[in-house]
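A, B and C label the chains in the order they appear, each numbered from 1.
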Amino acid sequence: MLIFAISDKGGTGRSVTSGNIVYRRSLQGNDVCYVDFDFGSPTVGAIFSISEAERGTRRGGTHRYLQGEVAEPHRIDIWAESDREGLRVKPPGAGQLVLYPGDEGGGEFPTLTEELLRQCVRLFSRLDEEFDLVMVDLSAGRSFAAHLALAATARLPGVHSRWLVFHRWTRQHIIAAAGLVNGERGLLDVGAEHGHDPAELADRVRFVRTAVLEQDSAELAGLRPTQLAWLNDCDRELRELSARHKVGRTRMLGKVPLDPVLQWREQLISDEDVLASQIANAGTVAAFDDLAKKVVDDNAWEGL
Amino acid sequence: MVGEVQTGLLQNSGEIPDSLSTELLALVRGERVRVFRRPIAYAVSPDRLTGVDCHLASASGARVRGVGTVLSRASVTGGRLVQGSSQVRVTRGTSNRRLAWSHYMARPGVVEVVGKARAADLAGGFTLDAPPAESLDLGAVSARFVDVVQSSARLDRRAPFRMARTRFRWTAEPGEPDVRLQLRGDNVRTLRLTLPDPFAPGVAELCEDLALHDWLLTALIEIVRRARPGSVARPEAAARLAPAIDHILHLWMPAARVQDSLLHVWESLEHRPGFTRQWQSLVNRVRDHVTVALLTVAGGDGRSGD
Amino acid sequence: MTPVNATFGEVAAERRIASSPLSHVSIELGHLYMEDFEAGPDRLRQQFRRAEPWASTARRSWQERVPGGRARVSTCFLIDDYFSRFSTPAELIPVIVETAADSGLTIDYLARESACARAGGVEPAKLVEDRLVADPPVGTNGSRPPARETGWLCNGTRSPVAGVVQAMGVAQKWRPPAQNAKRGHSVFVDVELWNDDDGERTWSCPFLAAVWQLLRLGMLRDDGRPPVVPQPRGTTFPDDWADLPPIIRLVPSAAPFAAYTTLSVLSSRFMPVELAVRTILSQVAVDAEVLGQVVSRSEDEGVPLEDELVDRLSYVFT
């Protein structure tokens, strides 16, 4: 199954959240991989603590693969090559966890050519053969990467694909996320152009709210009642707004609470970070675990 | 002779019939897809050529240029496994410069060395862990033949389990019979053969057969590992083992089409590492586990009283 | 107990390649296109008059070359009915045969150009398309699919086009095209093989001419059988080209249509086309078994052939 991670704007925590989803999924026993299609900023190596690929790889990553310069993009086995000791021990029962980084110095592509598209189709098809879950991290907004992904999946009708749209729980982000999917030149529009059925495609899109401040969370404990009431009002307004824009609860796959660790250190959160060093919140890991289960759970993706 | 075979699971929910294999493998119009039904269904595409002009990896690091054509084919075994296989016969060229392309087209499957090279140096280079990126890449050629089959719209892409392809790189040199098989990272295997007649047409078929069985063994080991029998509840593990029983256990058919003169290679590999021994032990483990799980369920019904 | 050797075979697993009868040389006496037809009967007369000395020279030299002097020589003539259709077989064929006879020439076989595209249920051009193996530029190591401009074939590396450049990447400057097997300087040839305009495949003249050469060399097979077999002529010729067999044998006692070698006597305006034909033929993978059959038969006859297919072709441009 292919999962495309996309966000309306930068700074939603798309890469770090989707990275944590694949990490959790592999702990749950699946063979998974993470493919960096954030062409303008291929820095995903940092999330997995691969210093060799912090700013992309030099050994032929996704950029050079798509341009036909290498036969296969460079692959990194996280369980073997991560610099974080905690990640270098594959727990029993865990599946493969593989990273396909972008190229160091790689940039956005200006136009979609037939050659690029063919290379992309071949890559998706091969990865789907090997992995239970293939997470493809796309650039923010209406990007070349999103366009490429839509065109490639249209040529792979037999391969299951799903889209996760990451957005923060703010007025601007909700409107932007809705526009990215339903708006002019949005996912459904461009998808239809490439032969996707818009209704079917819409069924394969879910939203993930990030950096969410829960009413009952510890962070809000010190607030005055008036402040809490005001926050409550805001939240209600946002819920109404999101429902109007078809970004409401029914289309939401999950939410990730605001966690300082995610803000300051964009990395995988291990159980150790919660239990031993206690730098991360248990709720965050639980949210990732939940997302990792739901992302492959057909019930969470039933047509609306 | 050098070659590389890629083996993978056909992306379809069930076994495909011979008629569909024939359709998937019709890569050249006017050329027949050959279909064998005994002792196991096997269909093979007509041969195709790919032109190359590049460096050949050498163990010593010497820069050797080769020009010629790669001979490739795709095959489907048991309606379940797909292979892409490429080979070239490396010979000393007649000239120290590149000739007109028609010269190479008259020698299908031959790559001529422009300049000098030693056979053992090239065989060593080809079976390196990571040959230089710009050197002859038979694996990529074979992979495209697998892709052509896998991308057919006639397959439903709902394979019963996910499994990586294996890459089986082989070389055959003239000399006293010797067999050296090595498992490497990233599902790469290398086989160095020394044979009295390394150019016999059956050598590539032998390597395809070995690659197929190596994939089966690799896949079964992986399925058992994922199922974690002994660590998770029996019915759960049994359910995870079931695809092995349904889809791959019956495909084990060593040396199905291997020439008599090359059977000794299979036999020596049966001796060490003992392919069939390991396979049989795994098969027994899978069957025993599933049987016990069934018995437990049958017995459990009575005890639990529901 | 003595071990018993068992033999087992499966018909569907076998590959059978029929051999076709072969002459020593196939001489093409000319092509007839609409423009030649429209130029009037003198054009045809002139064409045959110019061809005759070369045809008889070729016949003589083969008689000298073949042990015993029994050279098998067949002649053929090609009429275009693919790019444009003119006149009718009933009207035109008797005129062509008579005009040739006036110059002392006999046409053994007459072929329709469209036979190279489609002959009955077989499409010879498609058989050739699937057997093309692109001439690889230096550095081609198999890691990427052969760079191919659909419908084109060249003998080297094309000039780079302003292609995909990543954002803030480096743009490419113009570079000249290069021939792969160049000696010092390049003669770069890029041939259009077909176009699919209006959703319909139209083969180019050089591509069909390459198919024509392969048919004359007896090198093509469809499921092991020659794709086009000459048919005997009837008592009359039909009124529609479509009703005429792809290749007809006009002389019942003629030597076989296909041959070890070919000679084409053509107007020099066909020179660029034939350069293109040679570019294509150098990139066609002929079945190794067919090649082997032809080589062993020619050796048995004491007439060794050139290794490379293109070296078995010769021309006279008049």
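In this section, contacts are C-beta pairs under 8 Å (C-beta built on N, C-alpha and C of every residue); 3 or more make two chains touch, one makes a residue touch a chain.
Quick caveat: nothing in here was measured; it's all calculated off a predicted structure.
Where touching is counted per the definition, the chains common to subunit A and subunit C are B. A centroid comparison over C-alpha atoms places A as the chain most distant from subunit C.
Among the chains in view, B has its Cα centre nearest the centre of the complete protein Cα set. Interface comparison, A-B versus B-C: the pair with the greater number of contacting C-beta pairs is B-C.
Chain centres here are Cα means. That of subunit A falls 56 Å from that of subunit C.
Between the Cα centres of subunit A and subunit B there is a gap of 35 Å. For the pair subunit B and subunit C, the distance between mean C-alpha positions equals 38 Å.
Along subunit C, residues 143-145 each make contact with two or more other chains. Touching two or more other chains at once are residues 70-71 of subunit A. Residue positions of subunit B with contacts to 2 or more other chains are 133, 137, 140. Considering their complex, residues 29, 31, 60, 70-72, 75, 92-93, 95, 121-122, 125-126, 128-132, 156-159 of subunit A touch subunit B.
Of all residues in subunit A, those touching subunit C in their complex are 39-40, 63, 67-71, 106-111, 113, 115-116, 118. If you check the complex, the residues on subunit C that touch subunit B are 8, 10, 12-15, 122-123, 126-127, 129-131, 133-146, 155, 180-181, 220-224, 227, 281-288, 291, 307-311.
On the subunit C side of its complex with subunit A, the touching residues are 143-145, 163-169. Here subunit B touches subunit A in the complex through residues 8-9, 11, 133, 137, 139-140, 143, 147, 150-151, 153, 155-159, 162-165, 186, 226, 228, 231-232, going by the rule given at the top.
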